[in-house]
Each structure stands twice: as structure tokens, then as C-alpha cells.
Amino acid sequence: MSDRPGPEATARLTRWEQRTEVPLFLAGLLFLTGYAVRVLAPHDAQPWHDISLTLVWSTWLLFLVDYVTRLRLSGLGYRFPRVHWLDTVVLLLPLLRPLRMVQVYQAVQRRRDRPRLNLYARVMTYAGMTVGLLGFAAALAVYNLEHRTPDASIRTFGDAVWWACATLTTVGYGDATPVTFWGRVVAAGLMACGLALLGAVTGSFSSWLIQVFAREDEKRPPERG
Amino acid sequence: MSDRPGPEATARLTRWEQRTEVPLFLAGLLFLTGYAVRVLAPHDAQPWHDISLTLVWSTWLLFLVDYVTRLRLSGLGYRFPRVHWLDTVVLLLPLLRPLRMVQVYQAVQRRRDRPRLNLYARVMTYAGMTVGLLGFAAALAVYNLEHRTPDASIRTFGDAVWWACATLTTVGYGDATPVTFWGRVVAAGLMACGLALLGAVTGSFSSWLIQVFAREDEKRPPERG
Amino acid sequence: MSDRPGPEATARLTRWEQRTEVPLFLAGLLFLTGYAVRVLAPHDAQPWHDISLTLVWSTWLLFLVDYVTRLRLSGLGYRFPRVHWLDTVVLLLPLLRPLRMVQVYQAVQRRRDRPRLNLYARVMTYAGMTVGLLGFAAALAVYNLEHRTPDASIRTFGDAVWWACATLTTVGYGDATPVTFWGRVVAAGLMACGLALLGAVTGSFSSWLIQVFAREDEKRPPERG
Amino acid sequence: MSDRPGPEATARLTRWEQRTEVPLFLAGLLFLTGYAVRVLAPHDAQPWHDISLTLVWSTWLLFLVDYVTRLRLSGLGYRFPRVHWLDTVVLLLPLLRPLRMVQVYQAVQRRRDRPRLNLYARVMTYAGMTVGLLGFAAALAVYNLEHRTPDASIRTFGDAVWWACATLTTVGYGDATPVTFWGRVVAAGLMACGLALLGAVTGSFSSWLIQVFAREDEKRPPERG
């Protein structure tokens, strides 16, 4: 009852993942755009509504095709959803797709082949981008769920973005907060995912700053002796 | 005036603790369930009320039996409460029992004998689960203490859970806050216990992310040279 | 223009500090008690008022005597206030005295000579105690400054303690906040001093937890091989 | 298409930067003073208005001259804005100038040639000063943008400073929050810049405290043996 595929299955899976990671990232951005159009366009704006529906469903179909292909390539069968649980969650809730960005980020950097950023800068860039996209997705979802509620404090998309900023940084002013059940569920998810990532940004920045100052100490002595 | 038991007493105590840790964890979950039923069931629902009372008191009796057995096995006599002060606190306030989860967690992992998670993942899993259970227990207690107060902002159990999420992540919107004395004492306790544990989750996640990126650096060179 | 005293001056100063640290700590507690009585006692309760005035001024006189003695022992003259700036600040604002607790803590532990706590536990104990005393002093000061203001949200001492808890943990509900100028100055000071210390508690706890899990890894192998 | 200038260009650039860093820092302080006068002086106070305009524009001209000189010295041509993107941002938004303080701080310390602070103390001093100046600049900007809005909660400059304190420490009471679009943009920027820096302060303090306690452990043994 091994949860790990054989070596050739792994190789096939890796090749597939390397080839699809950038297209899937673009599909993820299109999905987010489609969702944004659906949420933000006025309700009687027919062309926008159709465009957004097409974008959302066609990109989701791509995600499904990718998931099924990887399930078959892996040779894991019914154990795939449990082993690759993050992929399963991301398939069902595509707004969480930024969480898989770590692979895309590596792929993009590998292709450009430019002098790589140092370790801390890369952690900060990756975690910062993921947090930004997650926060944007959460602001869209919360705006969609809240703005028609009678006693809502989040009434415009600007309020929702402001709420997302105040939540991710744990400032939490409380001047704009979700009041519906599902809005609060999204908010709790944003706190859980986002805070850990923001902790990574802060931690990396702190380590990097200490490194910068420590390196200067090493450079200084010859200047004196 | 040594606070440490002799070697054979330690061995007996260890054997007892290893045998009882999983049953006690299940008893702790039953206690929490009983308390949840007592708090959340409507007041005239007689069968639920009886069930919850039975659960709470019978599990607490188990905790007492375990405490007394360990007190006698340890051979420490009247010094036991001071040496094992965390156990004493947990006996008197069984809602704090999640704090003892570290032993249970180890025991469960040892039995399943599966490839162990890495260090950071284990710290995150343990601290995350403890925080989750503590937050649930605090939400129950605060709901119980607050929801009948005239000027309360925590009126439903959903409000209490929302308050616990906002408190544990230090977001603190302030749209739902305890107003009674005992509600605020519970809240202060949740802040003190929970924040340290959440700091552990964030810190471990940050360290793990840096480790993941650092490991990739080691893998990359052969790809180039 | 050396800022450092000679070796025999240092020895004399060290001896004086070792002898006075516990009495000064007790004087600090008496000062806090006196201030608490002055703030919390009803205004027409004459005996309490006199007792608190006596306590506050006599302990402050002790602090002054200690400061002048150390100034003369150090042989630094007019440079003493600049070199020992923390002592100067603490003399002028005795409510900040918990900040000097690190020396007391060491002295007490040295005397009891019991098996010392590990590094992280000591940092946590020291920082936690300092934070607790600073928070209590800030709650007293804010209550004193705020509770007679017409539009204050801090009206009882319980409110002030609740505000201090929510501020130190950075939860910041905002249901009780200072509104006067000096109340906000005290609050900003509490944020600045307290948060750094609380960061130390969280950081130490996180490091300690990782250490506990790492040590278990070392213990486990023999159990298997 | 190298982004790095040749060695002699680097040497010339470094010499220019070393000579200008202290004058530029003073110009930055003058800019901030001029902006503060413009924001805080009553609107009909003609002399103050003129002084502030002169200060702001003449210092900005200095920044422009410095930027153009460095652009020409570097020999990078049109690639300069992209390579030195932080300098470009700081030229366009001079209120962000504290972010470049790390160089100034080093320069000042080098000149005074006094026994250097340890690593953590320097990180704390640098990050603390940067956070303080950024917070002051943000408070000025938010006060300027908000105080004439009808439903503003930030009405005096004191409110704006109080808001900046509560935001930078992530306490976020919510009793004073920006309500206009641009006010919220400034606030989001303050959260993003400030929190990372404050994380550096907290992290360094925590590391320093652990170091202090660890060093004491090393000193203690001879006292006993």
C-alpha cells in the first residue's frame, strides 16, 4: 500500500508538470480575471456576463483535464486525491490556486536564467505574490457575498480590498468586516493562509536585514587595519 | 528534598502514561463534546441536558482517577501538584486539556509508524491542532458566559467562533468582543495561550519555507554544470 | 573622554548593584502598590491616600539615593546620566522600573541555586514578567488619566486591564481605547516597549517547541534500530 | 545587455554616494520639515506657506540633481531607472526617502568611529528610525488627505499620529481610520513597508535577548566551580 509512484511514473509526471506549469499559471490568472469580471460588472451588462462565464468554466475545464491527466500518469489510482490533497482542494476551490505558485515561480526563474535572487529575497517575492493574489481573490469573494446584505459594512469593492489589507497585516481596524456566514468563512480562511505567508515575508526580511548588516561587518575591518 | 522520583517510579509512571495517553485524549474529546452539548442545546431539551451532564462528569472522573494514580505511582506525595503543575491546572480546568496534546500526538505517530513528517511540519501540525481545540473550547465558554448579557455583541455561537478566529490571529476587528468579567478572563487566557502557539506555527512555516527554497538551491547546480 | 569607569570603580559599582538589586526590586513593587492605591482608592478615603503618598515618595527617595550613590561610585561624574541613560529614564518615570528586571531575575535565581531553567524558558519567564508588570503599570496610568474624561471608553479599572491585554497582544479590539493626549502617549509607550518583549516571548516559545521536537528525534532512533 | 556598470564607473559612483549621503539625508529632513509646515500651518499663514513651498521644491531639486548625476556617473543610460528602481521610486515619492536610510546610518557611524554597537542593536536602531520617520510621513500625508472629509475619524494631527502608531504595531483599534481612497492607499503602503521593518525590530530584539541570556550562561560556571 505504497503512496509513492514508481520511478518512471514520477519522471512522466515531472515532465508533464514542467510543461504545464506556466500555461496553468496563465489559466489561473484568466480564471481570476473571469471571476473578477463576473463579480464587478453591473448585473445587466450582458456581454461581460457571458465573457466571464466562458472564462471561468473553460479555465476550470483546463484544471480538470490537468488533474485527470496527472491522476492517470501518476499510476496512483484512487489514492491520488489523498496523496496530492493540496491539488484536490485547489481543483475544487480554484480561488486558492495561488497556493501552488511556488512551482510556477521556480519555473519562470529557471527559464529567464538571470542571476538568481538570494534565498531571502526569493522567499519574500514568492510569499508576497501569493499573499497578494490570495488577498485579491478573497476580496472578490467577500465583496460578492456581502455587498447586498442590508447591514453590511463592506459595500464597495474598494471596501473589500481595504478589508483584505487590514486583515492580512493583522491590523484589523474593524471598520469593514464580513457579517454573513460565508463571508466569515472566507475571512477565516484568509487569516489562516495569509498570516502564515506574511509571517514568512516578515521573517525573511528580518533575516535578510541581519545578513546585510553582518556582511558589512566583514567588509569593514580591512578599511581600518 | 528532591523533586524527582527514583528510576523505577519513573519507569512505572512512563508505562502508565504511555498506556493511558490515547484513552485520555479520547476522554478529553468526549468532555469537550459534552460541554458543547450542554452549552449549545436548547435549555428545555431534557435528554441532551442529561447526556451532556453524564459525559462531562464521567470523563472528569476519569481525569481524576488518572491524576491520583499518577500521584501514587510517582512516589512524590504532596510535592506532585507542584512538580506537575500543568497537570494540576488541566485537572481543575479540563477545557485547557489540549495543552497536553504534545504527548498524545507523539504516541499516535509512534503507533502508525509511517514515514515521519519533517520537524517543522510536526511543530505546525501539533501547534495548529492545539490552537484549534483551545479556540473551540474558548468559543464555547465565551458563548456560554456572554449570550444572555443585555449589551453583548456575542449573541450566537457563530459570533463566538468568529471572535475566537479574530482573536487568535490577533486581527481583533472588535465587532464581537466579550463584555462580562469572566468572558474577558477567558479571552485574556486565549490570547496568552493561543498567541504563543500561533507564533510557533508561523515561525515553523517560515523556517520550512526557507528550507524548501534552500534545498532547491542544492538541487539546481548539477542541472547547469 | 572615555565613557568607561576604571576597574576598581567597576568593582565597587558591581558590589553595590548586587547588594541593592533585591531591595530595589521590593521597593519597586512597593512603589507600584502605592501608585495602585492612590489611583484605585476612593478620593475621600483619607487613610489610603496618605499611605499611598508615603509609599510613593519614600520609595522614590530610595531610588534617588541609589542613583546618586551609583553616580558617585562610578566616578563618571556628569557623564553618568548619558552612559546609564536607561537608569536615568527609570528614575524619572519609576513606572518603567520593570524594564530593569533582568538583573533582579538573575540575582534571585543565583541565590536559590536550584537547577536552572533552560535558555528559552528563562527568556520567556523574564520577558513575560516584565510585560505583565509594565502592562499593569500602564493600565493604572491610563485608568488614572482617562476615567474622568466625558467621552472615555475606559471607565473602570477592569476596562483598563482589558485594554492593556488587547494592546500587548496586538489584538486591539478598539472597544476600549484612550482618548486623551497623555493616555495615548502612555499607550504608544506600552505598544513600543511591550510588543518587543512579547515578540521575545513568542520567539523563545517557538524556538523551545522546535527544540523539544528535535530532541525527540534524537531519542527515537535506538527505539527502532 | 549587462545591468552592471564597469569597475571605474562603480568607483566614481561609490565616491559620489559617500560624499552626498549625509547632505542628502539632511535635505530629506528639510523636505519632511517643509511638508510638515505645509500640512500643519493654518492656510492663511502666508509666510509659513511660502517657506514650506521653497523648502519642498528646493530639496526636491537637490534630489533630482543627485539622481541625474548618479545616472550619468553610472554609465548605465536608460537602464538606470530599472536597475536602481528603489532610487527611482524614492525620487517620485520623496516621503519614502527614509527607506534609503541604511546607507546614511552606516556613513554616520563610520565617521564618528566610536565603538560600534552589536549587530542586533544596529538592526534595531536602523529599522526603528526608518519606521519612525515613515510613520511620521504617513501621518502627515493621511492628515492632509483626511481632515477636511465630512465623515472622517482623523480630524487632528494628533489623531493621525495615534492612527500611525496603532497601525505600525498592528494593534489597529479602529477608532481612527482613513476613509478616503488616497488615505487608504497611503495606509496600505504604511502597513506593507512598516510591518516588515517592525518585524525586523522585534526579531532583532528577540535574538539579542537570547544572546544576552546565553552569554550569562558562559560567564556563570567559573563562579561555581
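Annotations for the structure displayed:
Labels for the chains are A, B, C and D, by order of writing; each one numbers its residues from 1.
The rule we apply is simple: contacts are C-beta pairs under 8 Å (C-beta built on N, C-alpha and C of every residue); 3 or more make two chains touch, one makes a residue touch a chain.
A quick map from chain label to UniProt name: A, B, C, D = Ion transporter.
Computed from a predicted structure; not experimentally measured.
Common neighbours of subunit A (Ion transporter) and subunit B (Ion transporter), listed by label, are C, D. The angle of the rotation carrying subunit A (Ion transporter) onto subunit D (Ion transporter), fitted on C-alpha atoms and rounded to the nearest 5, is 90°.
In summary, the pair subunit B (Ion transporter) and subunit C (Ion transporter) forms a contact in which the copies contribute largely different residue numbers, shared numbers making up under half of all those used. Between subunit B (Ion transporter) and subunit C (Ion transporter) the centroid-to-centroid distance comes to 30 Å (mean Cα coordinates, whole Å). If each chain is reduced to the centroid of its CA atoms, subunit A (Ion transporter) and subunit C (Ion transporter) end up 43 Å from each other.
Residue positions of subunit D (Ion transporter) touching 2 or more other chains, listed in rising order: 166, 170-174, 202-203, 207. Against subunit C (Ion transporter), in their complex, subunit D (Ion transporter) makes its touches with residues 158, 162, 165-166, 169-175, 201-203, 205-207, 209-210, 212-214, 216-217.
Against subunit A (Ion transporter), the residues of subunit C (Ion transporter) that register as touching in their complex are 170-174. Within the complex formed with subunit A (Ion transporter), the residues of subunit D (Ion transporter) that make contact are 102, 106, 119-120, 122-123, 126-127, 166-167, 170-174, 177, 179, 181, 184, 187-188, 191-192, 195-197, 199-200, 202-204, 207.
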